[in-house]
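What follows is chain A paired twice: with chain B in the first complex and chain C in the second.
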Partner chain A sequence: MKELSLNILDIAENSMKAGATLTEIIIIESSLELSITVKDDGCGMSEDILRSVTDPFYTTRTTRSVGLGIPLLKMAAEMTGGRVELHSVVDDGKTDAHGTTITAYFYKNHIDFTPLGDVISSITTLIQGHPDTDILFSHVTEYGEVGLDTRELREALEGVPLDTYEVIKWIEGYLEEQYSEINYKK
Partner chain B sequence: MKSLAELKAIRDKMKDKVVIREGSSDVRVVVGMATCGIAAGARPVLNAFVEAVNESGLAGTVTVSQTGCIGICQFEPVVEIYEAGEKTTYVKMTPEKAKTVVEKHLKGGNVVAEFTIANYN
Partner chain C sequence: MTVAELAAGCGFEVLCLPEPEREVDGVYIGDLLSWVMGRARQDNAWITIMSNVNVIAVGTLSDVSCILFAEGVLPEADIIETAKAKGVNLLVTPMPAYEAAIKLHEAL
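Up next, the complex of A and B:
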């Protein structure tokens, strides 16, 4: 992947497929470190699946036996001296606390650090493709914070779908404005 | 500064349109957004389709949606267009090719043969 924002999009797509109602995308950044967390309340993964999910030759798809989303994120993190943490609680029908959380830690000054890239585009792409699930996005930097909660937008929109073109454009502009207000430099 | 009030104005403007749009979409543009597609550049392709379809006033009849891996990763970004029982598969797409497809295929009704998978086999 050329940008970490593409890994974010890819990993969050897994959350959508896991039937998440809320997916949280949290980026925390200091001058030296960057972490990306994708947390969902989807169906979760059993311990067996969890153990094999960082293996490039594991997938739940039956068409072909290759799933590269998590291995690619792990590789991008480990190339910088960082790591990936993965926690999951499988939905057994008894608990509401099911879901998956993945956090990748990066060292920004490492020569192999992949730039974050166009996070806004990944967020709007996710919303465009999954207008009925909610996304909480937060990017905390040393200059300030950027955020979006589709639950608030949904309330204001009173039934107008989130994937309406004008709404997607508004979200794009809303995030762009927030980034320029904190003078965030990519 | 963008505000939720601005979003409410969009809501009021869109409410009438939403009713018209439902059920009347007879053309579907489907962009592959699995790991293979994303890595090959599907994100800007999808956004180009969304933008071009809306800017050319086709939003009432054309929906742009996303799907997973369809098994031809070497041809990603892959875009399938479904209309009246017909399927066209465009491969190795770019935002520029997306604009051409919207103009010539979706607006003009002519398949852009040079971008289709048939042209690569």
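Up next, the complex of A and C:
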């Protein structure tokens, strides 16, 4: 992908498909490293599936035999000398701790590092496409933190759907404002 | 022109040719896989210097007639096996992409 934010969108869509009620998207950035974590409380994956998801010929889709979300993220991370870690607990009906966590680690100074790109648009696209599930977004940098929790937003909105035009525009502005504060400190 | 004829005519080395009779129509050059995925056309000969298993997956998805590795880039043996199993033709040349494209242009 030309931007990591598109990878994030792709991976978070998997969480939505897995029936997540809360998806956490956490970006942690230092001067040298950047990590992206997508954590959901969806149905989880078995050991066997977990081993095969980095294989591009594995997919949960039925329309084609190739799935590239995780393989491309892994490639983007490994191209910078980084890696991807995957953890999953299958929903067996007995535990509430089910779900999948994927973390990709990047070295920002590597010449093949893919820029993060437009994260705000990834987050709003995700909310627009799945207004009934919750998203916790956090981007931690040395200069400050950007965050959004749709659970808090939902409470404040008292029943107004998250995919309402004005709400999406507000989220956009809210995140932009937080980012501009960080950029100011840089 | 078929992939087998093209390989012989241009002097490209064959890594695997599970579908030698596929027709070649046009050329696409690119290394950013997600970009190639949306742009390479069916039956194109695709020139790249990337050689991991994702390349085979993108070759399948975009249904190119062959993948030509430029600058002598060689994929691992298990990746060639995957290509064979998925019906993706693989060729390699020591030439850079530009020169390989000129060769293809002359041949097609």
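Here is the rule we go by: the second predicted complex is superposed on the first by the 183 of 186 C-alpha atoms of A that agree within 3 Å, B and C clash if a C-alpha of one lies under 4 Å from a C-alpha of the other, contacts with A are read in each partner's own complex, and residues count from 1 in each chain.
By definition in this document, contacts are C-beta pairs under 8 Å (C-beta built on N, C-alpha and C of every residue); 3 or more make two chains touch, one makes a residue touch a chain.
Nothing here was measured: the structure is a model prediction, and the numbers come from that model.
After superposition onto chain A, the modelled positions of chain B and chain C are compatible, with room for both. Of the two partner chains placed by superposition, only chain B is touched by A:165; chain C is not. Rounded in steps of 10, the angle chain B-chain A-chain C defined by Cα centres in the superposition reads 80°. In the superposed model, A:36 makes contact with neither chain B nor chain C. Of the two partner chains placed by the overlay, neither chain B nor chain C lies in contact with A:12. Once the two complexes are laid over each other on the shared chain, residue contacts for A:75 go to chain C alone; chain B is not touched.
Looking at the shared chain after the overlay, A:1 reaches both chain B and chain C.
When the two complexes are overlaid, the chain among chain B and chain C that reaches more residues of chain A is B.
Residue contacts after overlaying the shared chain place A:177 against chain B, while chain C stays out of touching range. Of the two partner chains, chain C is the only one that A:55 touches; chain B does not reach it.
Of the two partner chains placed around the shared chain by superposition, chain B is the only one that A:122 touches, whereas chain C remains out of contact. Of all Cα pairs spanning chain B and chain C in the superposition, the closest are 5 Å apart. Comparing which residues of chain A touch chain B with which touch chain C, the overlap comprises 1, 6, 64, 68, 72. Touching chain A in their complex are the following residues of chain C: 32-35, 37, 52-54, 56-58, 60-61, 82, 86. Residues of chain B that touch chain A in their complex: 1-2, 4, 6-8, 10-11, 13-15, 18, 33-36, 38-39, 43-44, 46-47, 50, 54, 59, 64-66, 68-69, 71.
Contact residues of chain A toward chain B in the complex are 1, 6, 9-10, 13, 17, 61, 63-64, 67-69, 72, 118, 121-122, 124-125, 128-129, 152-153, 156-161, 164-168, 170, 173-174, 177. For chain A in complex with chain C, the residues that touch the partner chain are 1-2, 6, 55-57, 64-66, 68, 71-72, 75.
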